[in-house]
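Each of the next two complexes has subunit A plus one other chain: subunit B in the first, subunit C in the second.
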Partner chain A sequence: MIEPSLTPAWALPALVFVPMLGALVLWLLPRWQPLQRWLPAVLGLVLLPLMWPLGHAVAVDGAVTLALGGHRAPLGIEWYVDGLAVLLLGLNQTVAAAVGGYLWGAWPHAAQRHSPGFGVCWLLLWGALNALAMSADLFNIYVLLEIVSLGGVVLVVGRGAGAFAAAMRYLLFALTGSLIYLLGVALAYADAGTLSLRLLADAGLGAPAVTALTLGLMFKAALWPLHGWLPAAHAAAPTAASAVLSALVVKAAAYLLLRLWSDVFSGSWTPALLQALAVIGMTGVLFGSVQALRQVHLKRVIAYSTVAQLGYVLLLPALAGALAWQGVALHLLSHGLAKAAMFLAAGNVIIAIRDDRLDNLAGLDRVLSGNLFIFAAAGMSLAGMPPAAGFVAKWWLVRAAVDAGQWWWAIAVAASGLLAAGYVIRVLRAALASPDSFAEAPRHRARDLSPAMVAAPALLAAAAVALGLGAAWLGPLALAGSTWSLAP
Partner chain B sequence: MTAYAALPLWLVLTSLVAAALIFALGEARRRARTVVNLGAAALKLVLVGVILDGVAAGHLFSVRLPLMPGFDLVLRADALTMLLSTLSAVLWLITTVYAIGYLEHSPHRCRFFGFFSLCVAATTGVAVAGNLFTFFVFYELLTLATWPLVVHRGTAAALAAGDVYLRYTLGGGALLLLGVVGLHAVAGPGDFTAGGFVPVDAAPAWLLTLLFLVMFVGMGVKAAVVPMHGWLPRAMVAPAPVSALLHAVAVVKAGAFGIVRLTYDVYGLSLVAALGVGLAVAAVAALTILYGSLRALTATDLKQRLAWSTVSQVSYILLGVGLGNPLASVGGLVHLVHQGLMKITLFFCAGAFAEVAGVKRVDELDGMGRRMPLTMAAFTVAALGMIGLPPLAGFVSKWYLGLGGLAAGQPWVVAVLVASTLLNAAYFLPMLRRAWFNSDGGAVEVREAPLALLAPTLIAAALALGAGLLAAMPWSPLQWVTLIAERVYLLAPPS
Partner chain C sequence: MTALYAVTAGLLFGAGLYGVLARPGLIQRLLALNVMASSIFLYLVVLAAGDGSAAADPVPQAMVLTGIVVAVSVTAFALGLVRWFRSETGAASLESDALRRDDD
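For the complex of A and B:
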């Protein structure tokens, strides 16, 4: 264990408290228009650079533990930042900066302007997501999950009553998940007498606690068959909210599954049960992809794709190994970037054509080729096409399955990339179709898009593709401080 | 790493940067786009010339970029590389000229030329790839870059053809991925090495055979080997320059080239012979040659007939490779260039017939010899070459293939070649007879294609003619291929 050096010591609290203080300021000054517009963007740009020294510190010195208020577990709560946490924090800050920029760019258009409540909830949610990445205490995680879920529900209803039913459904699922998770926390405390992840890893947990915690997190992560709330909620939410929900909120729960299964839970289930968990995950991949192939609305295609893409997380317990760990970690990262880019680009499309039925996309290429390109580049990463980050993740997963002697998962992962390619291509195909149904009017509406609204998803998509080229240092970073290491 | 040794990287970047610039320029900046297009193509040709000279002199060109732990993106140029990259560089330039003329007034030219350049970048990447991993990266990129070109017109038929294309090629890509990862697991990462890098005892023979076949099928999809050929005739809805490029250099050649690499530089000839998979490749190729020719006989659409002809002709390359002796290799590899030159001429002509005279079907060719004499002359040269009339290019390929078949103790190869030649004659000669000797009844008005279409066609025809007539001259495709065969077989004598 390494005492935090200077940089993490102030960077870690800043990542949590700066957005939360920002939320407070926005709440206190709801009528100060420039502040409402600028604060999310500025905070995003301030916090993003913190990731560089933090990532460097973790890559060089290993995981960082920070005891809040100087009280170590079991008395106090600890934050624990290893390579995986750095990747998730990096994803959070990147998407937050992009979403901040998007909100800033959309501000001049009255119809796209976010309300003060939206800004407050977003900043609160963002701070909680960062804390969730670092927290090393089961109950602390429970509290943060609640903040994240409630913030997410409010973001869904961000604009109008149309999304109300979807938001209520989301709330119901989220609360059910919370209750089951809380049950798991109680069982864990009964088993081990502590809730600190560090101490639990040594003590070990009984199967009931592990099952309850896993099930609760599966609700939150919308893993099949507990995904029922996601497509409607993510499709009905305002553009920026969809991006955040799909890229970060469900991701946080998936991240926790990954984290817990890597040490605390390992060894508590039989291999047959682990295979069953993997079957559930890959069934979700298949189900989500097939549903995405059948949707007629663009945002619903993207939402079902989230259901599909998160299923890969459940492969980790079965494949347990360094390559699988790297693969899933990079997959979460690349999916977050690509998905946020896709939702923001889809939002732009909706502004231009007032609708997101795939049938109405014909000729879109002519007016919104930039947004279409963003969608295609992000989709390339989702489908695991080289050289995007999704490809490297897929490669590692396939290799991990081959090395583990579970060749059926190698075939399943390779084949599931085809399904993802299928639903991405289906959208592009609709946009390239002619004769194009476009009159001049949408061309004018397309001019309503400010440059920042296109630049934000463009940078995210570029990052999703370019990270594939950075795999040489992302892989080792993901392993820093984890229970796995690559054989030389 | 000197700039000279890094030339393969620059070779890929010329097309890649051209693609990025073209996308950035947008639809309206027509002149700037043309300058970028032709400038990059010309620059690439110069680079190819420099590398050709260096490779002939035995210089090493290699760039290694670490991509992930244990994996490097290796770009390098050896004699085999230059066979494909020279062909693609030459044909990129003339096809670009043709495409600029062909798409004069149609929409979406920015998209078209951008992906066109991307396609060439991917093909060059396939050629300069120095290991299977790098090969796979560019192979998949090629699939994606080609799709917008296939569906370019956006009609229902084009979109349907695009779907079929992707179903086949992405499926093949997934198989290839499994094969490559599997081989990596048993034999470790290895750069392409003359004579192969997979040790005989890396894994049980059945596993090595299985992995070979999985990768063969994955690559065979692009090479349109029967029964994975279904996408190629359908992809004919694409604009003529795309068909020309797909058939002559880009997609089908990437598949065939991959199989050549797999045989020579991954498994190596001795292991391929020991596993007995070489003959399997040759047998599948022979089947494809005959089946493609038979289907070409019954096709009534001109481009369809040419497409089936491609299915048949590309497998000549695989036949030569599968037989695994020097003479057959020369015949197969030289056909990679010969078929490219002849087929691009034929597609240029077909495009000109459709654009200028509205002729799309074989039975509409009556009198074309008088209406468009120069274009038809080019068509005739290429068609006769395809049939294999001595001393044209197709004959050179078939001659070496036949000799190779006999040397390998497989006399059935000669029978396949004779049958294929007869079938080729049976579907090409009636077209020539119609064009030159039938009259379409109306008044004959000579109306040649515009210069932008005609000049590339004539240049391609001249190259196809020269490749055969001047086969014995230095720097001819045949001489270059002989150099490759010498290097392959000197380093790795077949067991």
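For the complex of A and C:
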């Protein structure tokens, strides 16, 4: 364990407290319009550069442990930042900066302007997501999960009864998941007498605790078959909220599953259990992809794609190894960037043409070519086409499956890439179809989009593609400080 | 004696989970969630007591206190959302006919 050097010691608390204090300021000054517009964007641009020294420190010195207030576990709460946590923090900061820019750009258009409540909840959610990436205490994670759930539910509530119903269903699922997780925390404490992830790893947990913790987080991560709340909520939410929920919120729960299974639960598994988890995960990939192929609304296609893409996480324990670890880490990162880009671009399309039925998109390539291109570029990363990051992630997973002698998972990963290409291309086909429905009565209003609203998803999609080229550098970072037992 | 409390906590948790999944009304489901939370608190208090021979373990008690604060806040938030939901849609459950019209 390495004591934090100067940079992480102040950078880590800043990642949590700056957004949360920002939320407080927005809440206290709801009528100060410039502040409401600028603060989310400015905070995003301030926190994003922090990731560079932090990533450098972890890559060079290994994982950082920060005991809050100087109190070490088991009495105090510790933050633990290894390479995977740095990647997730980087994803959080990148998407937060892009969403901040998007909200800033949407402000002049009254219909897309975010309410003070939206800004407050987004900043709270963002701070809690950063804390979740670092927290190494089971009960602290429970409290953070509740903050994330409540913030996320508020973001879903927009206009219309459909969004309300989706938000209510999301709330009930999220709270049920939280309480099952809390039961797991209590059972884990009964087994081990500690809440610190570091100390739990040595103590070993019984099957009931492992089951409850896993099930609770599966609710939160919307992993099949507990995904029922996700498509409606993510499709009904306002544009920026969809991007945050799909790219970051479910990802945080999936990340916690990885954290627990790679380390804390490593003494509690049998090969059959690991294969069962992988079967659940890959069934989710298949189910989500097939559902995405059957949807008639653009945002529901993207939402079901999230259900599908999260399933890969459960493959990791079965494949067990450095390459699989790197593959899943890069997959989480590339999916987050690509999914945020897709939701923002899709939201732009809906704002401009006031319609999201695939049948009515014909001719979109002529009126909104930029947004369509962004959607396609991000979609190609999801489908795993080189040189995008999604390709490198799938390549590593396929190789890890072959190395582990589990060739069936290699086939499943490759096939699911094809399915992803299928639902992306289905949207493109609808958009490029003739006759051009925009030719006669121009019903699009591209002037409702400001340059920043297009630049935000464009940068995210470019990052999703470019990260594939930086994979040689990200792979070792993902392993930095990893507690993963490298022998399968 | 503590075994009796632990079993009670388990039964309450099951009843609460059943309520959340099976009852239609939003208020009923919120109450069921509260029953689930209370059952976990009961179990934590049992944990804290141990076999009664030593002083009570303060960590589970601290978790109960924090958990109660979280549960109260979450319940208040959810009740507010239910009221808002009802005033917007006229529905008090997710299976209500009032929602059907807007689904398409």
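One rule holds in what follows: the second predicted complex is superposed on the first by the 472 of 488 C-alpha atoms of A that agree within 3 Å, B and C clash if a C-alpha of one lies under 4 Å from a C-alpha of the other, contacts with A are read in each partner's own complex, and residues count from 1 in each chain.
One rule holds for everything that comes next: a residue touches a chain if its C-beta (ideal position, glycine included) is under 8 Å from a C-beta of that chain, and two chains touch if they have at least 3 such contacts.
Please read these numbers as outputs of a predicted model, since none were measured by experiment.
> Touch test for A:His56: subunit B only (first), subunit C only (second), both, or neither?
In the superposed model, A:His56 contacts neither subunit B nor subunit C.
> Determine, under the contact definition given at the top, whether A:Ala471 touches first (subunit B), second (subunit C), both, or neither.
First partner only.
> See if subunit A has more residues touched by subunit B or by subunit C, and give me that chain.
Of subunit B and subunit C, B contacts more residues of subunit A.
> For A:Arg294, using the defined touch cut-off, is the partner it touches subunit B, subunit C, both, or neither? Pick first, second, both or neither.
neither
> Regarding the shared-chain residue A:His71, is it in contact with subunit B (first), subunit C (second), both, or neither?
After superposition on chain A, A:His71 lies in contact with neither partner.
> Would you check which partner chain A:Leu418 touches, where first means subunit B only, second means subunit C only, and both and neither mean what they say?
In the superposition, A:Leu418 contacts subunit B only.
> Once the shared chain is lined up, is A:Ala186 touching subunit B (first), subunit C (second), both, or neither of them?
Only subunit C is touched by A:Ala186; subunit B is not.
> What is the shared patch of subunit A, the residues that subunit B and subunit C both contact?
none
> Give the list of subunit C residues in touch with subunit A in this complex.
Its residues touching subunit A are 13, 16-17, 20-21, 26, 29, 33, 36-37, 40, 43-44, 47, 59-60, 63, 66-67, 70, 74, 77-78, 81-82, 84-85, 88-89, 91, 94, 98-99, 102-103.
> Sort out for me which residues of subunit A touch subunit C in the complex.
Subunit A residues touching subunit C: 139, 142-143, 146, 150, 153, 157, 160-162, 164-165, 167-169, 171-172, 175-176, 179-180, 182-183, 185-186, 189-190, 195.
> Can you tell me which positions in subunit A touch subunit B when the two form their complex?
Answer in residue numbers: 362, 365-366, 369, 373, 380, 385-387, 391-392, 394-396, 398-399, 402-403, 410-411, 414-415, 417-418, 421, 425, 429, 432-436, 468-469, 471-472, 475-476, 486.
> Which residues of subunit B touch subunit A in the complex?
Per the stated touch rule, the residues are 23, 66-69, 107-108, 110-111, 136-138, 140-141, 144, 147-148, 151, 153-156, 159, 162-163, 166, 170-171, 174-175, 177-178, 181-182, 184-185.
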